[in-house]
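What follows is chain A paired twice: with chain B in the first complex and chain C in the second.
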Partner chain A sequence: MNNINHNIESPKEKQNRHKAMEAIKLLNTLREDFKAPISSMEYFYDLFERVHCKHESLHDDKTKIGTMCIQIPSEIIYALDGVPIRLCNGFYTDDEIGSDLMPQKACPLIKATVGHFASGNFTDKPDIVFSPTTCDQKTKAGVTIESFGYKLIDIDFPRTKESEASREYWRRSVKQFAVELSRFQGKKLTRTSLKNAIKKIGYAQSLYHKLSEFRKNELVPILGLDVFLVTNAFFFDKIDNWIEATEKLLSELEIRAKEKITVSGKASPRIVYTGSPPIFPNYKIPLIVEQSDAIIVADETCSSNRMFNDMVAVDEWNIYDMMDSISDKYLKACTCPIFTKNEDRIRRVIQLVRAYKADGVVYQAFAGCTVYEMEQRSVLEAMEKEGIPIIYLESDYSPSQGGQLSTRVEAFIESLKNRRRMKK
Partner chain B sequence: MLNLKRKINNMNLVRFRFWFQIVAFLIIVYGGYVGLDLGDKLPTFACVYNSEGTGGKCYVGMLQHDLKHPLETFMGFAGYAFLISLAMFIAWFWVLNKGWCGFVCPLGTMQDWLTALREKLKIRFSEYSWANRSKIKSIKYILLILLLIIPVMISNSIGGLPKLPNGLSMPFCDICPGRMLIPAFTGNFNQFYIDFSSKTDLVMTILGMMIVGLFLVGSFIKKRFFCYFCPMAALQYIFSKPALLKLYKDGAKCTKCGDCYRACDMDILEIADDVTSKNLVTEDCILCLKCIAACPEDGCLEANFIGITIFESSKEGFILRMAMDMQKESHE
Partner chain C sequence: MNYFVGIDIGSTAIKITVTDEHKRLVGFKINASGSMFYKYAKETLQSLLDELHISQDDIAYTVATGYGRKLFKEADENISEITANAIGAQEAAREYGEIKTIINIGGQDSKAISLDSEGNVVNFAMNDRCAAGTGKFLDVVAMNLEIGVDELSDYHFKSTGTPLSISSTCAVFAESEIIGLLGSNHSVEDIVSGVHYSIAKRIVKLVKRVGIKENVYFDGGPALNAGLVHAIENELGKKIFVPEYPQITTSFGAAVLACDAFKNMPEVEREF
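Right after this comes the complex of A and B.
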């Protein structure tokens, strides 16, 4: 009787178990539920499984630099011998933890991120966190995160991008960021290290662009879901491994394109996805879209396209010009809805629809993500003007909403199919 | 054909332009030694004071000369001469449009060499604030009007004002840095002088010396410093619309990332921010095509010659020019 061991699950173990369940459920769906799976995607499935189910750490030997948004320049982090880890979080488990700490109506992404910090349960725990002052919720979440005992530094980010002042302001912020990080790392930023970092990231971006080219094909060889997974992996993966895996993926896609292997159906409508970012494992909406016989051919989100699209262009390869061009890249081309005016985002979505010959747009906003919710109006108006069908959806991280959302998405996709038939 | 097009789009523009400018410089500054004479209506600073070496002559010099006639003569044969010269100038200009500035002009080339030197020394370039940048735009037009009106006022009394002294017959040449610097390349330093013979000559030659100094210092710290004030650019821009070489932009493809603006030696904001105009040859544009080379969007910017795309922006070309491609041999 005495040798029965009662193992009571600790909160940390429970969190890990729940997150592993969330992760593996999605990964298994991606592995098994779609036709013509890509074998080189296995690297990415396995990567997420290792990190989120087996809790393997990837960067034991390096200083981990946590970033709260895409505006923290990875180029500078790599040049100063750190590893950027983007901490935007997609787990419902963490969202629930964060709910106790954040206002009820806060966006699930922020709640999950704060919840993750509150639990302190990281496979690669950040040694320092940089938080750009982008949206209100992220800006204010910094203080909460700091109160858990993390070293967090705010990086001033302007809310307009047209003016000369905002450009100068952001350039100064980026310089300040480099100074802070250089001090933290005890390293000096050199011309060679910065140049190499710019080139490496530029190369990774060029691979993403090549990947996107395949999605322009009439027979799309890769799921939008898979692409989200590839781009999400860039948040935390070792960059050299990511590059190698993506190169492999590209050569497989090359073969698939030649052999006309496609993951979509004959009449599958082509979708451009925009709005709040799908972050692993919250692929709720993309999953519904692609399970309803549509195919996501492009996206305009900060967890994917926006992270890779625009590249640093240097005119004079000296530190002064490299720093300026890095700053400009993270501000000028950004289509984040936190900016006052956002004609650029609308133009980008229209351009994506044209370039990728899309049939419609799915606009998703997290309930509580005020800026995306607000911009919905202008984007919908603009799409109507252009004659592009669009559906606006609000969702959160909870697993329960599925039914209602899928009914709406299915109806939208059905209408796109009808439109196609009518055109013929 | 497709292959050739791709090769051109992938070219290293910086290198191409460097050598093109050197060849153009040799023709314009030393062409005369091999008997080359492209005439005296060139839309670029082929300096008349470089009498032995020059491969042609600058139209601005000719223009001042053409206008220095009493009204009666000007209404007769001198007027015809003026119109014929102008027509020939326009014909030359239409071939390259503002490309004369970015690829041929020896003063422009000299400034680019000074820029290269500064870059080698790792000294940051300076920029105007946007407000000042737009203020100085008008200076080149003021200079143009002055150089047009002063020769006229030498031979004619306008509005009852006394005629101007003859020493002002080439007012712009007096202050043009080309007058001193271009002959210097052929070993002729005779233009570095101060003329004490009359008050007018004294003032103009002192002004000229000062402007040369300003030119050298200015273009070392500011890319294409002189071009902002160049009256030739103002004169050219009047006839720029129907020119054969064009810089076109497809605004729909532009993400306003500003890479082109950063590459622009003339700090032309419109190149990044204007997403509605097609023709982007603005008044200060020197058609150096650096913006096209710096643009990472397929087909967003293009150089167009009589309706044919000769060089356009591409993702592939961008990656090669930035030496980012880790698989292929890059430009570096």
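Right after this comes the complex of A and C.
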């Protein structure tokens, strides 16, 4: 046996190579497969390539605060001189690693997140991880992650949001989070630092809102896929770089809008995307949608719209008021299906359909993401009542399955085109 | 004379249909998809044209559909099999009446499609996770029972007992279930009718998701099996319409679409 000369890759090398392949495949598709590419998107393509293919670290000089969900307030992390790194993961390679550690039917997002921790392949390894007790699987995943030697702190999150009690409860949790982080950082939370952090994130949010306005145009100047990439970059990018790149993108979109340059076809149906979050590089369904001559004009997902939609509304810039306002943004405005009732989410989807003049809704749930799977019923019923066409799709991170899914998506899009023709 | 071609490259079979300008069926051909979708599709088309004595130049417009639709680059257009199926069913059943619901069982998936009064697809449901309750499943069952797929119907109607319950419609698990039933001395006839009823129950569940509206149209290769048709009618409590050539509804739909697309094309473009 010894005469056969070949190298055996270490698991880490193999995983990194597979992840780089997943990343570059998607990035090249985005760069090459669509008409009228936007030149300022190159910053974002390049960013993902640097991190996932060239394994470049972005935050060597800072303490990296890992977050397991959007509910951990970035404002407080920045105010305490840390960098928030959102660890929700979209890699199939990590999903496969996590499959050995989680139940078979668990959600791929959480399997991939756990798998990522298990592999330890971080370009920016989190120094501490905060895990809000949102969905069951994320809540329980904390213990598994701790067992690999990471420092992880649970943050209590309520599963109802209507009552005053739950609001109080969450405000206490956010205070507790600030205390824990301030202890870890050895720094005090000050009025000025918190105010500056709120302002900075608020500014980033305002850029997202401007970006969204362009998507209301009849001639849409940017792909939904590109917007997902921009918002996903906010998970880990240096915030100042992100702001600069997004400003550039906005000025290019301004020109494109004037010159009537569009990425969509003549009759491309406009889609609102909702459900389990598309996280780089798992853009499977958005890719099928936009490759089937439809255009995603808005979304209601936690990896994109939900991160930016609602601002922290402060009355008095004192620290207590700021803390309460931050807490409210992450609870009251949240439309995650983990909550008992979720009329807010239905309202938001309908509102997006109206505001962005969408022809239909694509609702995607990860197989194993029980809450999104369950909420499908009420959302579908509500859309039917409103006369809004909707398709429900179940998918996971596996690269196969494309054929069947694209048949369904294409048939849905063809039916939307037909509806439009009939209306005329 | 202009002819129009619909090519349906399915998981199991390639179906090609040729129509004339009046959307009338001129001829069709069915071949196994095998491992080389594109090559076999081209060969099938050529042999069909030879049989019909039609030259390539007389083909005005071609529409491809089915899983392999994107592989057939020569097509002028490609369309999902759901839309093609809907169009084909309405055209094929024109004399029978207005079709509102379509059941399609293919080689590796099954679908229920619901149409509005204009014939647009309003909703559809698909079982696309595995070969459960599809044509492939019937193949496996027939092989286990050592009978031909075309004999399934005869066996179904000869069954005298209560149809046996086959709880699994998974092609792999059903095999062991059928061996179990044979082991407890059940007749092949009763097993066959049990299999048909288990598929029927599954498909009716799918149809209920989109709503059952009359008339109901049933197509796909397994629709040739009268025993299965009987079981579905019983489970549905309604008569269903099966066209003369149920395998080619979708490719026929693609050809009909080709006619329409050609007619809607500006004169200038038609020259090329």
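In the analysis below, the second predicted complex is superposed on the first by the 417 of 424 C-alpha atoms of A that agree within 3 Å, B and C clash if a C-alpha of one lies under 4 Å from a C-alpha of the other, contacts with A are read in each partner's own complex, and residues count from 1 in each chain.
Note that in this section a contact is a pair of C-beta atoms (placed from the backbone, for glycine too) under 8 Å apart; a residue touches a chain by one contact, two chains touch by 3 or more.
Please read these numbers as outputs of a predicted model, since none were measured by experiment.
Asks: Fit or clash for chain B plus chain C once both are placed on chain A?
Replies: Result for chain B and chain C: fit.
Asks: Should A:340 be classified as contacting the first partner (chain B), the second (chain C), both, or neither?
Replies: neither
Asks: Which holds for A:310: it touches chain B only (first), chain C only (second), both, or neither?
Replies: first
Asks: Would you check which partner chain A:407 touches, where first means chain B only, second means chain C only, and both and neither mean what they say?
Replies: Touch partner of A:407: chain C, not chain B.
Asks: Taking the superposition on A as described, I'd like to know which of chain B and chain C A:241 touches: first, second, both or neither.
Replies: In the superposition, A:241 contacts neither chain B nor chain C.
Asks: In the overlay, answer first, second, both or neither for which of chain B and chain C A:176 touches.
Replies: neither
Asks: Can you pull out the angle centred on chain A between the C-alpha centres of chain B and chain C, to the nearest 10°?
Replies: 120
Asks: Please work out whether A:422 is in contact with chain B alone, chain C alone, both, or neither, and reply first, second, both or neither.
Replies: Only chain C; A:422 stays clear of chain B.
Asks: Please indicate which partner A:350 is in contact with in the superposed arrangement: first for chain B, second for chain C, both, or neither.
Replies: first
Asks: Count the residues of chain A touched by chain B and by chain C, then name the partner with the higher count.
Replies: The partner that reaches more residues of chain A in the superposed model: B.
Asks: Once the two structures sit on chain A together, report how near the CA atoms of chain B get to those of chain C, whole Å.
Replies: Minimum over all C-alpha pairs: 27 Å.
Asks: Which chain A residues qualify as touching chain C in the complex?
Replies: Against chain C, chain A makes touches at 403-404, 407-408, 410-411, 414-415, 418-419, 422.
Asks: Touching residues of chain A toward chain B in the complex: what are they?
Replies: Touch list, chain A to chain B: 162, 164, 198-200, 202-203, 206, 209, 243, 247, 309-316, 318-321, 324-325, 328-329, 332-333, 335, 344, 347-348, 350-351, 354.
Asks: Quick one: in the complex, what on chain B touches chain A?
Replies: Going through chain B, the ones touching chain A are 119, 122, 124-125, 129-130, 252-259, 262-263, 272-273, 275, 290, 294, 296, 315, 318-319, 322-327.
Asks: Using the touch definition up top, name the residues of chain C that touch chain A in the complex.
Replies: Interface residues on the chain C side: 67, 79-83, 109, 118, 120-122, 124, 126, 128.
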